[in-house]
Structures are given as structure tokens and as C-alpha cells.
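Both complexes shown next keep chain A, but they swap its partner, so chain B is in the first and chain C is in the second.
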Partner chain A sequence: MATFFGEVLSVYSRAVEEDDDELDDENEEDEQIRREIEEKREVYIEWYPDVTQSVSSGNCTLQCSDLIIAVGPNASGFLSAYVLNTESWDAVGHVSLWNEKSRCTSRQPPLPGEPACRFYRHRDNPSVLMCQSTCYVAEDQLFQWADKVFGSLLNRGLNVMVLSDSPVAEYKTPDNLYGSAVPFLRSLKSSAFKDQALCPALEQPNILTGLPAAVLSHCQVHRIPAVLYQCYTDVIGPDTVTMETYKPALTSLSKLVKLEPCPSADALRRFAKVSEAQSNLYT
Partner chain B sequence: MFVSAECTPLSFKDFILIMPAVSVGNVGQLAVDLIVSTLNMCRVGYLHTDCLIPMAGNNPYATSAENANDLSTSAEVYSSPDLKLAVLQIRSPIIQKKSKKFRKLLVSWMKTSGFSRTVVLSSSHAYQRDDQQLLGTPLRYLLTPSMQKETGDHLKEMDWKEMETVSAFPGVSDSEQRLCIPGGGVTKGLFTASCAEDIPLAIVLIFCSEGDNIPDAFTLLNHLNTWLHLVETPVSAEIQTQPKWRIPASWRLLFGSGLPPALF
Partner chain C sequence: MAMSYDRAITVFSPDGHLFQVEYAQEAVKKGSTAVGVRGKKIVVLGVEKKSIAKLQDDRTVRKICALDDNVFLAFAGLTADARVVVNRARVECQSHRLTVEDPVTVEYITRFISSIKQRYTQSNGRRPFGISSLIVGFDFDGTPHLYQTEPSGTYHAWKANAIGRSAKTVREFLEKHYKEEDMESDTEVIKLAIRALLEVVQSGGKNIELAIMKQDESMKVCLNLWYLYSKKIAAV
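Right after this comes the complex of A and B.
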């Protein structure tokens, strides 16, 4: 749908189809196809051998005090440029899943630059885990993603922080945003999170969907302290100004995670390149 | 899976459950929002399931700054022990392939919780009505056999209209009649399953079209209120007045953000 102001909104009909009666008497072959599709869409968490070995006695539950999940190009770019560019972070796992848009099904670690969902761990402080998600997770896989990731972590003593980004066109406010300070941060926290968030709370009727919502819902229901920082930006691709808005969010973890004072140019270039490549209009 | 918000176990024994069906214009969901907001109900649990698309936001029924920052999820249960009333609110669409699983989950939860009655608020496409449905009120009801036993002819005496069945092969033969709720989502499946499982369940629905469906939600809820008396209807001598429902804070900005002042 296009609006008066030219932005394109993804609006779908709210009309709902009636339940398909025919589903009840589907034959064995249909059922088998359905089952196979479901199996194919299963989400798997692949932990690398050095992690699984360090976990005591067979059952793979990782001890983790802080989990930082970055979803979207800007949030992941921020982690790459400001945090993960030092030598002290090791890739320890990834999520393999299949859907219409993502083909991250390999059990092998994804190649650099490939859209994926990776886990990193600090060499000196193994209880801090980072998750960087740049691949598309389908609506029916979100719940499973959160369920499986938290299922492989020891939930006692766990604190979760989610960084995500969204276009400012999706932000609803009675005032007009024209000329105001974009990009900006909004926070959302689970009931178990007792600290003060570092920025204003996300006002109703604004809501979150996608992976951040799945993670926060899981934490709310299972009483895990979690806080989310959502950045609203007016730039379509990843950009450095937007990435910088996340800086205050990580200061609360300054004892555990060291922020690089100046971002890694290499990491920034890699993220910028991805968005550049899509436009060849004037070349 | 129902998860209690408190550590203490909950009992819904002999409670009435009101829940929406995710259907045309989200009328049931809007009506449920009005009930929770008006009766100041408190959240007692979540329906945590992979059948719904995850969503998260702050408290949709916030009345002050203190209770504004309460995280809410895609399906939550509210309760009012004084009124013996429980309300399930669903805030996101059901994943299409999983509607059957969702229906089973609801039915088993209703059974284990021991609700005395369940009322499903729903809607159906106005444009798919047949000739007999075009006349008169757009509101309809349906009762499962065990609900029929409980309420008897009470609804008929109040001049409520039962949902008509339509012929399976219109124009060819009228001998085979079936229930048809186009645009009703899980409504029909839930009704058939409740009939089979002997659950006392009523469907209250309205024919409507998609758009600003807030008026439809008020119509449906005022209609329901004549039966369940959730809120007192102010009695005045001359005109029949409607009960006061409180619109929740989350209904703001239905038509988008403020306009740029430079536009004018």
C-alpha cells in the first residue's frame, strides 16, 4: 500500500479465512508432505565442538550470565563495528534454518558476509554470549527460535538484552516527527527486569513483532530479566549514525563488554557494501 | 500452553470465559479489549504457544504512568474473581498451518480449567450473507448442546437470533444444510469441537465488513451485555441508554501519526 507521503507500507487484509473443512479428511500423502515441510522448517542450534566439550556432562546447557541479541542490519553492524572487532571474541555457534528467504541450513559455520545468525563468546569472560542475527526468520519459526536458544542455555542468573532496529515510518506518535531527533531509542522490558531502562519506554500503540518480540515474550513468560532497545531510523540501509545510538545501551554492561572507542572501519565497510550493491541505477 | 503469571496456582472453577475469535475486522478482539479495560481486570497468565505470531508491547490498558510499562504478549488471560469472570485476549493472527493445533489447545485448556461457560465473540463477512440474513439485526448466536441445556430458551426469549444454516448446494437441493461462518477464523472449528467434547460454549457474532470496526465492537458488546450484564446499563425513563465502556489507551492513533504542520 502506498500512502500520501510515498512510503510503502506492508499492509495485509485483516479478513480471516474460514477453517478449511477439507483438512480433516486429507489423505496420507498430504499428511506426509505436511510433515516433511514441517521437518524442513525446523530450527537447529549448532554449537561448535569447543563449546560442547566445555559444557559439563553431556546435556548441552551453556552457563551464561548475559546474552546480547542483535537483530537487523544496524544492530548487528553496531556489534560488529564496536564490540566484535577485537580478537577476543570467538564464534561458538550458529542457528541453521530453512525458509522462503533464508537458506542457512548448513551445519558448517556460515561464511563471512553471508546472512546468518551467529553466536560469539568472549575468551576471557565466557559467560557473556552475543548473538548476531541478519537472516530472515519466518513467522512460524520465531517461537521455535526463542524456545531452542533459551533451551540450550542455563536460564538461572541469565540477563538478556535485545538490540533491534525499525524504520521510523512504523513509529506512531501524536506529534509529528518532522525535524525531531531521528534516530532515537525506545525500550521495552520484561517484568523480571528490575533496573531502570536507559531510554524512554516504547509507548502504546507501538508494538514489536518478529524475533525481538519472540525473545521478549519468552523472557516474560519464563520470568527471565530482559530489556530491549529498539532504534527507529530514517535511513533504509545500515549507517553509522544509527549504529551509534546503541552506544548508551551497552554502557550498562561496561564491566563485561568493552566498547571500542572508534568503530572498526573494515566492519563498517562490509555492512555498507551490502546495501550499496543492491542499487545499480546510476552506474 | 497456559502459564500463570504468579507462582501460585490459579483456579477458574465455575468462571465464565469470554474470548475472541480472530475474525473479520478483529471485532471480537476489540470487544474483549473494552471488557478488560472497563472492568479493570488484572492479568493472571499467558497462553504461550507457537500457534500465534509473537508480538510484544507495553500495557495496552495503561491508565497511569505506574502501570504503563508492563510487558504484554500475544495471548493473555485476565481475571476478575469477584465477577467470576475470565477473559482471554488474542493479539496476533494465528499461523495458518497451525489453526487446528490452536483449536485443540483452546479446547483442552477450557476443559481442564473448569469454566462453567465459554462465550466466543466473533464476526463474519457481511457480504456473504444470504437473503434471509440480510434482513433485520446483524447479530447472531450459536449454542452447543450442553450450553443449550444450561441457558434453555433464555436467549430466544430475549429476541436473539440464532445463526442460520445454509444449504450446501444452493439452488440444487435444500436438503443438506450446513453451518457456514465465512471470515470467522477458528469460530466454526471451535464450535464443532465443543459440540463433540460436550463443552458449554456460546458463539456471539456480528456480520461486518473490514474498516474502522470500533462501532461493530460496541454493537456486539452491548448485545452481549443484555445477556451477561457485565456492566450496569443506566436506566433512564424515556430513552434506552447504552452502558459506558472505557476505550483503552492503545486504541489511539488508529489512523496513523500526527500530520506535519508544514502541510497546511
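Right after this comes the complex of A and C.
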């Protein structure tokens, strides 16, 4: 091809496929790198020994009638304060994964307070499972997470409830939100869920993202009845007022397990971030 | 959607919003509550004292500032912004005294503060001040005033108002319980301010700071006034 400056360039024709021996070698290396990255980003569910023992077949599947998942610090704090505060819950497993923001790769149980994805089972009613997820699950790991978690459970007769936090800045509405009741709950459910949700449905054009969306999509595809309660809040960290917004979910939870009547204010404050006595930004 | 119109302050959104200014008003709501009541011969400012760290000297955490002998101000919002605004207002008060040989009127200094705030909503590269303030005082003819300023640079005169965290609740209380004839009595004015604050202040009355100015007297800041008036309020 002639150009304006006199030099001649050879151009490749897209009609003819070139021999690409060199590109094959590169592809192998690329493939190896890709495989290594995939392995590194694999999601593993670690079930603890007492659970794996109680399951007969090699493929570890737990009998589960109700799965409650909490995603985010406020949802997890709510479960810790209102449900997990009784002594009747056993830690039965955790998820280990690696991504840029979460390094919970240890096969050992995570330390309390560390961001992690933990599973608990009720002692008196072992088919009730609870999952608290405070670590970040990357987009490419979401499908694996949902697949593996639900793959470990016998799906027959399974009901799922998801509690998730979201910043109110992401809530899109034509109305003026200033001064209205923040935090508030919105719900979404799968088609198989026949009961009434406990709060208004999430209006368009709002969408869910992340782990709650992956779980709900999985439930919709596999026709598992699932309901999700999304709490929109204007506080960054765990906060007692936001945690109390999830209280309507207690009515459904109390049908499954015996709950403490009401946790004391001190108990709630333990799960909330230390209030901003140290922060002099606002007076 | 607000996202693309809220970066630069000098840009209007298609529906006429200045989002940075509106967000500044959200910053005000993060500050603790302040209430102001204007009586016939007394003006009262009440603030919720925020909890401070154990080792912090609480004399340096002030929500009520004197601008001059006859004017004082309570703010809610960003502490550092308030410091800057209050400093400029104090300099202006003295400058006014030197030039005109009279103390400022409450309205003058309010207008001055509001003009500063408005200028910052129309300049490139700056953000609005994230504070609202309640300015009270007496003019040299003895008229009491209460003004409220906002991050947008507006100011209005009020008979009673509240700013900060639960301002809406306090304002509703004031609207319900404000009685024109009660404002003749200094005690009733103080009681109204305290009771309004008690609607929203956590853990009772120990976290209230009150500033009172009576006609022809200088401002008094009463830290534990609650104990003097608690019996009267309990009786009401």
C-alpha cells in the first residue's frame, strides 16, 4: 500500500488465513497463565470435619430446608445480634477464595472479625443454615460461589432468604429522598416464592449486583423459592439503626428457630462500628 | 440521574438542581442538633453536645461561638468550614465597629456570612461550605433577632428553628408548642428550647449546652442549666 510519505507498507489480507506457528507457542503460555489465574481464583467451600462426618456419601451434600444469607456488614451484624447470639449455632464451614480485595485463602477457619464467608447450622434444627458474608466476592467468582454453595445442599424443599446492604446513593428514584426515612428495605423474590414479602418490592430501574444477585439468579433458574431484602442506608460501616431495619425479617426467622426476645443496646453496639467520638469532622 | 451533574459545582442539571449545594445540605445533617428561639427580650441557642474522646479537652469543641458582644452563632456541619466562616465574620464585626463606630446588626452580619457562602457556590474549583448556622443577637435598638443561613447562601429570619441531625423532629415540636404570648417570659423561652432539644438528644439532659442573651446583657453560656430548670420542666 502506498502512503503519503512514499514508503510502502505491506498489508495483510483478511481473506487469507496466515500460518501462525509462532502464535501457537504464545497461546500455550497464555493458556498456562490463564489456567494458573483460574486456579488461584477458584472458590473453595471448606466444610468442617463434624459436618463431613455426618454426611454419608462422598459427595458432601447437606440436608437443608432453609438457607439465610447475609451479605454486608449490617446484614451480618443483624444476624449476629438477633439470631446468632444464642448458643445454639455451630460453625460448619467457610468459603476460601482469593481476589484483589479479599485474601481469605486459608483453609483454616477465619478469625472472628476478619472479613470472611462463614456458615452456621442450628443445633436443634440442623436443616437451618445461615451464611454471613463480609468479604468481597469478585464478579468472575460469583457464579462459582453460588454453584458450589448450592451444589453442597440438597435442593429439595429449600427456601432461601437473603439480606443485603446497599448505599442509598445507588437508589434511583424520581422522588426527592432527602428527609425521607433512610434506612429502608426493599424486596425481590424468585418466581417460586409464593409468600408475601415483608416490605415493598424494589422499583425499576434499580438493580441488584454482586453476591445477592448471583444467589437470586441461581434460585430463579433452579426454581428455588427465594426472597431478598435489600436495605438502603446512608452510613458507611455497620450501624445499629441500619441493623434494626432488618427486624421485619425476624417474623419469618422466628418460625424457624427460637430467637432471643430482643438484644440489649450493648449487644447491638458491639457489632456496630465504634461511633464517631473520635471523628471531629462534623460538629 | 444525578451522577453526571454533581461533579462540578458550577454546572446546573437539566432540571435546575445544583447538586453540590444540595449535597452540602446533607453534610449539615451529619452535625448534631442546634435549636434557636427568639423571645421578646431574650434569645436562646441550645445545642446537643457531641460525645468527645476521653483525652480531648472539651473546651476546644465548641458549637456556639460569639461573633461580637451582641451576636452569637451556633452551627451544624463540617467543623473546619465553620471555623473559617466564624473567623471571617468576627473580623468583619470588628471592621464594622472601626469603620462605622457601631456594632453590627444581626441582619448585617448574617448577610455578610450568606454572601460568602453564596460566592462559594458560584466559583470554579471550590465547594460550598458544609454548614448551616443559627445567628442570634440584639441590634443596638434592642430588637432581638434569629436568623438561619444555609450552604446555598440563603438566609431567613425565624421565630424558632433547628438545624442539624434531627432538625425536622425538633422543628415540628417547635411548631406545635410555640406560643406567641409565652415569648414574653424569659423562662418560657428557655424552657421551649430545652424541651425541643430533649426530643432528640440522647441520654437525657447532660449533653445540652445552652447560650442565653438577654437584652442589654452579654451572652451567658450555661453548661449545666438543665439542673436548674429540670424541676420546672418535670412539673410541666
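Note that in this section the second predicted complex is superposed on the first by the 234 of 283 C-alpha atoms of A that agree within 3 Å, B and C clash if a C-alpha of one lies under 4 Å from a C-alpha of the other, contacts with A are read in each partner's own complex, and residues count from 1 in each chain.
Just so we're on the same page, contacts are C-beta pairs under 8 Å (C-beta built on N, C-alpha and C of every residue); 3 or more make two chains touch, one makes a residue touch a chain.
A quick note: this is a predicted structure, and the numbers were derived from the prediction, not measured.
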| item | value |
| --- | --- |
| Of chain B and chain C, the chain that contacts the larger number of chain A residues | B |
| Which of chain B and chain C A:Lys172 touches, first, second, both or neither | both |
| Partner chain in contact with A:Gln196 - chain B first, chain C second, else both or neither | neither |
| Which of chain B and chain C A:Asp140 touches, first, second, both or neither | first |
| Those residues of chain A which chain B touches in one complex and chain C touches in the other | 172, 178 |
| Chain C contact footprint on chain A (complex, rising order) | 172, 178-179, 275, 277-278, 280-283 |
| Of chain A, residues touching chain B in the complex | 13-19, 23, 34, 38, 139-140, 142-144, 146-147, 171-178, 188-191, 201-210, 212-214, 216-218, 220-221, 228 |
| Of all residues in chain B, those that touch chain A in their complex | 3, 22-26, 46, 48-50, 52-60, 62, 68-71, 73-74, 92-93, 95-100, 103, 125, 180-186, 188-189, 210, 249-253, 256-262 |
| In the complex, chain C residues that touch chain A | 1, 22, 25-27, 30-32, 50-53, 61, 63, 75-80, 82, 168 |
